[in-house]
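One chain, subunit A, links the two complexes that follow: it is found with subunit B in the first and with subunit C in the second.
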Partner chain A sequence: MATADKVDPVHQFIVNDLIPLGRVADMKLAFQNSSLFMFVAVALIIGFLLIGTRARKLVPGRMQSVVEMLYEFMAGTVRQVLGEEGMKFFPFVFSLFTFILALNLLGMVPYFFTVTSQIVVTASLALLVIFTVIIVGFVKNGIGFVKLFVPHGVPMVLLPLISLIEIISFFARPVSLSLRLFGNMLAGHIVLKVFAGFIGTLGAFGFFGVLGAIAPFLMTIAITALEFLVAFLQAFVFAVLTCVYLKDALHPHH
Partner chain B sequence: MAETPQQGELSEALEQQAHGQHGDVFPPFDQTHFASQILWLAISFGLLYYLVSKVALPRVAGILEDRHDRIAWDLSEAERLKQESDDAVAAYEKALAEARDKAHAIARESHSRISAEVAAKRHDVEAGLAAKLATAEQRIGTIKADALAQVGDIASEATGAIVSTLVETEVSKDEIDGAVSAALAR
Partner chain C sequence: MNDDRREGGGGEVPPGHSDQDDLAGRKARLEQTLAKVKGVRDKQRAPERTDFGTNYSKAFRLASEFTGGVLVGAVLGWGFDQLLGTSPIGLVVFLLLGFAAGVMAMVRTGRSGD
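== the complex of A and B ==
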């Protein structure tokens, strides 16, 4: 069973119930391994932010510099996309970015669970973003928010078609937002596991097997490096796209 | 669906078994754990958002703002000090220029005063010298006149003595005087 686990690249995505909490309205509730890692991520982020800034030094130390860099990096991104009035969404975007980044990076630790490889998690986050956009859009612009679907300067003949396309593209956003993160994390971890599995399988075939295992071993190293990049990049992409969608909510006119 | 508790437990057990084998369902698409995942995601992300927006980010923003304020204050302080030193330099140069002007004025004034004094003194001296020269010339004139007046007497005496030595006769003084004055007049 142990060897079967090792070569099975999908095993790592299984959600286990750590503490069953019973049923509510025909739904099984439990504290799961994914739940545990969500809270580990929250604890890491808050711990990092608070420990890094505990000295409140005028001239920052190493850790405080990193915290400030993270802050200014995200603040710069939000300000660049949304402008000064969009800074009230900065905590939201910052939370999304750090949360996804922490979950992605936690997933890189061997035997740790990758929460962002669960479609339900990425879809929930994407829906949270899109509902925020819709609510902010209507609160801020009233019914004028539907102008988002009516591009300026389009001939009347084409308007129904264009509006239909705009509406479809708007509702495709949460789908692409969730699938991008989910797909990247899932595929990356499967590939990593497959190549790592080759090492063990080939290594079992004696001397030449060990020799042949060098290739997948180097591949695993390379993919691991790539996955660290993807972990950061996907978190950043998610945050930036959130900013871009929020910009539509603030300024629905194209 | 009306389930008896036993049936529920049974189906749960079957689910767990299916979990262990995950034969038919790809784990991320296994819907049995969706509700829990969403629940814990909402709780954990809500907690993160609350702590980030209420505690962590204001703290970092506070630090950055303090530094920004401090730098701005330092810059304005430096600007103020620079302004002060510029003012001091300007004041110093103004004082220097004033002092130089004053010195020039004093030099010019004393120069003209001294040259006036010198001119006056020279004038006095020249006047004194001219007066002395005049008296001296006057004295020379009188002395010369006296001397010229005495020339006749001396000539008469010398004539009398020469005549008495040459002709050994006594010529009267009146005759000699007459001859001498006649000769002088010539």
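== the complex of A and C ==
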């Protein structure tokens, strides 16, 4: 963070090279702070799940019930959207959900880097989802997957136009998937920083400044709470939409 | 508590009758209390996730679906223009198509209900 007279709300998104790893085909390769936080997130998830399930009691303890809740919650969501046959995608969806959730929540810790505020990361995750959908769709249905772009009961005259729109709509999915997560995290953290910056700036103006700083202070608290909600919701929405898109891959008729 | 009562009042009223009344009364009271507690708990639990949470996430879904459609249309149109040298036409046509795709995706999401 900057000092009170120089607030820089986007400074938190700068990607630093921690360990340079040389160059690959004219591209710089380095272990960056984003990579570090991704490793931290994965380590946290694995540690959390392993410690939680270590006891394996019939009547779960505190940690175990949290882990079980997480599992049941996602399993219920996958079953609800995809049905029982969709449970073979559960590991994929669960990994995505926990990874994004851990990254979002790590970003809420002061001075920590928010990996999901980088569109490269969210776009990679979205592309992973959409390539899974395309591959599963073609493996399961063969060429019948193309039926996804041909809705029922459309007159032959309109079919090319509608199909084109359907195709654009399909390719808009990864874009919207990545933009939503990226946009939410980026915007939320900037707003948080701006309001927090107001406190310092106003506080520098003597007594009345400190009095006036109460308003942005309350706002910062409220937005912090909202950001925790958003961190969870965006991870959840990402997972749900993954399920919804996978459903199209399994049953490509509207 | 129950035993106490039965022993104390056993001599005056027919025991079976009083016991059954007592039991029915208690059951009714218990059900009433349970319903009240459950209602309060449901009310406490419901709004957090169903009202605010899902509506909030749905709003973001709708907004980003529309944005995604328009963006993809624009990029596709621009790409076609670059490839074929049909400068403004591709962008205009695909922007409109992307607009249509965004609206269609939004309508579909709105209808699906989840």
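Here is the rule we use: the second predicted complex is superposed on the first by the 249 of 254 C-alpha atoms of A that agree within 3 Å, B and C clash if a C-alpha of one lies under 4 Å from a C-alpha of the other, contacts with A are read in each partner's own complex, and residues count from 1 in each chain.
Here is the rule we use: a residue touches a chain if its C-beta (ideal position, glycine included) is under 8 Å from a C-beta of that chain, and two chains touch if they have at least 3 such contacts.
Predicted model, so just to flag it, every value in this text is computed and none were measured.
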Check the residue A:Ser65 against both partner chains and state whether it touches subunit B (first), subunit C (second), both, or neither. neither
Is A:Arg180 touching anything from subunit B or subunit C once the two structures are fitted on A? First, second, both or neither. second
Output check: A:Leu164 vs subunit B and subunit C. Expected answer is one of first, second, both, neither. What do you get? second
Dominant contact partner of subunit A by residue count, subunit C or subunit B: B
In the superposed arrangement, does A:Leu29 touch subunit B (first), subunit C (second), both or neither? first
A:Ile14 in the overlay: touching subunit B, subunit C, both, or neither? Say first, second, both or neither. first
Determine where on subunit A the residues touched by subunit B overlap those touched by subunit C, and list them. none
For the subunit C and subunit A complex, residues of the former touching the latter: 53, 56-57, 60-61, 63-65, 67-69, 71-73, 76, 94, 97-98, 100-102, 104-105, 112, 114
Footprint of subunit C on subunit A - complex, ascending: 81, 164-166, 168-169, 171-173, 175-177, 179-180, 183-184, 229, 233-234, 236-237, 240-241, 244
For the complex, which residues does subunit A have touching subunit B? 10-11, 13-17, 21, 23-24, 26-32, 34-35, 38-39, 41-42, 45-46, 49-50, 53, 56-58, 60, 64, 67-68, 71-72, 90-92, 94-95, 98-99, 117-121, 124-125, 128, 182, 186
Which bits of subunit B are touching subunit A when the two form their complex? 1, 8, 12, 15, 19, 22, 26-30, 32-42, 44-45, 47-49, 51-53, 55-57, 59-64, 66-67, 70
